[in-house]
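Note that subunit A is present in both complexes that follow, paired respectively with subunit B and with subunit C.
Presenting the complex of A and B:
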């Protein structure tokens, strides 16, 4: 009986390895294929525009992507700037001052909040944020880069908070005990001992949050105003980000032509930006774990 | 004395900030209920939408979202399970393993609209599935692949070493070990992954809005090349008619249904994960 069972296993084993290897190959193909497709499909526009693709300011006659790149950088930078103090305060309080049961509840709420679909944030943004900002700053149009930045800050808050809280919490308790035995107060311990120790992890958390903000499409698309121009230093004007541009125009350019290639070129630019952020974020995480 | 009051006020300040952050969830939930409940009349879930989304219900939109979600998991689960088992049970080359893990992270962080762009080109144009629910579910399948992989890998890797040793001591072949020990013992991780993947697919708009969906005029897909209406794109279209109060009211109703769906799936995933934690502590 047992022997039969074993032979059954051995008979089963050979094809199974190949099935698993095949599945792994599909996964590899999906990930690598994504990058290859983006590169290959953006060749026509890069050949037509050269480096001007990234420095041109005009999308309609020449396919210059500068307005979208600037918009993406401004909106993402603003989101990070706004989220940093809030998320760090929250993470510090949750990790160092809340009892474990409350800590777990806060983490749970953050996880739930991180799962709220982007389209819901978009709907909330369209209904409240745009009109709120329009009245607060006395603007003609509430759909601005500033609005998108605020909305993105709210969207990435739970992720940045929970990841930097993990980094703070993983500092060994010996550090805290040693600091407190030297007479430091709890806040001094948190700020001068725990925070510096967990800095790589926090930087990693912020970088991953930045990547998330840079790639968000629908929420930004609904509130950013969708105007292709280099915004300069004024945040309270309509603008365009790379994902919002892709979302607006992909449907009409589907398939072939230079327009499609230009969109793929934008996609490639976005992919490279996010890949660099994610890669360095993970590097920092690995350093913080050592 | 002064230092103590300073410390206390800083603590009070960051405590308040934390409280406000936590309150954000309840604020969002509150707004969704306040705005969404009035349009949730008796048949909202079971009627088709009328008059370009200004009246009626969201039956076919909900059905479309569910079709895409289910399709995504059906395509994604075998690939995720197979690749994780290959990486944990068979693959020996450490460098290749690290490379594959990195690839999972990169795929997880990739902006979702890029899955839409490249997925449409690969599935829709080269494999000739067009703008259809098949294209959409394939794109979503690639998108949720890392979610499933991470959950399954965590469950397989946290399996106590003694289980494997016991299996080896019994002289089981590797395939039998996988079938009789690893799969049953990490089943909860698999379910968690599937539920989180479903939640992620349900909340996704950018990847499907120009590859799989249509706004109105379609009910159930009649063939593989039909697009479907979905809750996400329904909200997207209605939200852009901000001047029209009836459209916005319908958008809130659809938003409440979508949020309920996503939260339900996330909470279900948690209940499975806590069972997983309890099992591994035994």
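Presenting the complex of A and C:
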């Protein structure tokens, strides 16, 4: 029976395979359904505002999403920028230099932290980070885009760290042995042999972290200041991200025409941003391999 | 092989049953309430008391006045809470829902500032000064006889009841835009916390949420100083007063009516007073 399976024989005679196929269809249906739902629901606002929905700065009399788009990009960009050096060096050290027994403990802690929900980070942020940043930078107020960026960086760090470490650690030990037998030091092996080999996994880890940062709602909502304004080049002002806007207004707008459609439009925008991000990440990675 | 098939089939059946049970559970005898965080303490305390002597289950959620009105009009809750009137725009949009308003108490909204500014000498503001602060024309406390410190202007979400009555008084327009605002908050809790965390903030807050870190300033109305006290509210002198409302779609019936009558009755009105508001009938706003 099993042999049939491997040879690709009459698989459709297996009821279990039909169940698997059904499950696959459930997934496909969810993905396609979500996309269609977002597009259909945002049609009214796109019809009313046109491209102005993405370029407009006014979310009071009209629906212009530019402040939220800018806020999301800034906050996410900052989080990734802050996380990359820490996560990469941390992962490299854990994977290549820590003795196995320590490595297991460190990994355990990382994985534990990676599972902490956003709201916990939000509570930490709203009670310590806002006042801390306010005093550290002598600001008027601590609820800023910068605060949100730092909070998101702290939030996605364990996840990016542990996934990058997995990628590094899964490089077969033959590579290390070969490099060391050629006379490379441990550091040279790590940087020139293991790191390039594990790049696909690391890119994936960073993309996953970026996606989580971009979609985080409640932690950001508590510290970002929630002011709909295009922030310009100053990070130390309050702003708004797409998820925080959705979190604040969804309950009020539920089932109320254009406002609801505008929020769905924001959801669609977020969806597209993440899609573009993932796509370009993969593209960049493929280029760099050639 | 067969075992797996049964396993998977069992799992599918389990999920189907689990989901379908949601729709079957909880017949009748349940009241859902959502909306204004100002009215929330009254509703949740009354619900607790009411459930002691009744089998009816009452679920109370926050969200804000706008959420309360939209939810009850959309049929998602039985009672919406609002700390403001239904706006003309809303009553037009929800004409079909036949919204009925049931006042349960009276509240006043203070112009609240950080205690540090209050202690430094800012005890009163004119509506014009507050307007200029929210419009970004006044940016430093020293311009209103305060310390030389920039003002952290805290606004609230557009649909919030507290904001509606406050902006209506200051600007004559509940939906006034405020270019001077630095932060936007939602619930009373959040507004209170952000003003308390800052040492130079101004905001709007229901009287019941004032404390040692968040102080109310006196308003100067037509040259006369009006202290932000319940005494002034009872006399009818304090200008920013509002009713706390329960809203139903159509006339309330059965258990919903019983609960609203309970809150309007002597026990409920005592809870209104304990929550920091004024019971009905003791003043005419």
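In this text, the second predicted complex is superposed on the first by the 243 of 290 C-alpha atoms of A that agree within 3 Å, B and C clash if a C-alpha of one lies under 4 Å from a C-alpha of the other, contacts with A are read in each partner's own complex, and residues count from 1 in each chain.
Definition applied: a contact is a pair of C-beta atoms (placed from the backbone, for glycine too) under 8 Å apart; a residue touches a chain by one contact, two chains touch by 3 or more.
Quick caveat, the model's predicted, so the values are computed rather than measured.
Contacts of A:251 after superposition: both subunit B and subunit C are touched. Touch criterion met: A:118 reaches subunit B, while subunit C stays clear of it. Once the two complexes are overlaid on the shared chain, A:34 sits against subunit B while remaining clear of subunit C. Looking at the shared chain after the overlay, A:92 reaches subunit B, while subunit C stays out of its contact range. Of the two partner chains placed around the shared chain by superposition, subunit B and subunit C are both touched by A:19.
Using the contact criterion defined above for the overlaid structures, shared-chain residue A:275 touches subunit B, although it does not reach subunit C. With both complexes superposed, B is the one of subunit B and subunit C in contact with more subunit A residues. Once the two complexes are overlaid on the shared chain, A:60 sits against subunit C while remaining clear of subunit B. When the two structures are aligned on the shared chain, A:238 is found in touch with subunit C, with no touch to subunit B. In the superposition on chain A, no contact is made by A:52 with either subunit B or subunit C. 16, 19, 126, 251, 254-255 are the residues of subunit A that lie in the contact sets of both subunit B and subunit C, per the superposition on chain A. On the side of subunit A, the complex with subunit B involves touching residues 5-6, 8-10, 12-13, 16-17, 19-24, 26-28, 30-34, 37-38, 41, 86, 89-90, 92-94, 97-98, 106, 108-113, 115-120, 122-124, 126-128, 154, 157, 161, 185-188, 208, 211-212, 214-218, 222, 243, 246-247, 250-251, 254-255, 263-264, 267, 270-271, 274-275, 277-279, 282.
Across the interface of their complex, subunit A is touched by residues 1, 4-5, 8, 12, 63-64, 66-67, 70-71, 74, 76, 93, 150, 152, 155, 157-159, 177, 181-186, 193-194, 197-198, 200-201 of subunit C. For subunit A in complex with subunit C, the residues that touch the partner chain are 1, 14-16, 19, 60, 126, 130-131, 140-143, 225-228, 238, 248-249, 251-257.
Across the complex, subunit A is touched by residues 3, 7, 10-11, 13-15, 17-18, 21-22, 24-25, 28, 31-32, 35, 78-83, 85-87, 89-91, 100, 102-107, 109-118, 120-122, 124-125, 131, 142, 145, 149, 171-176, 178-179, 199-200, 202-206, 209-210, 232, 235-236, 239-240, 242, 248, 251-252, 255, 258-259, 262-263, 266-267, 270 of subunit B.
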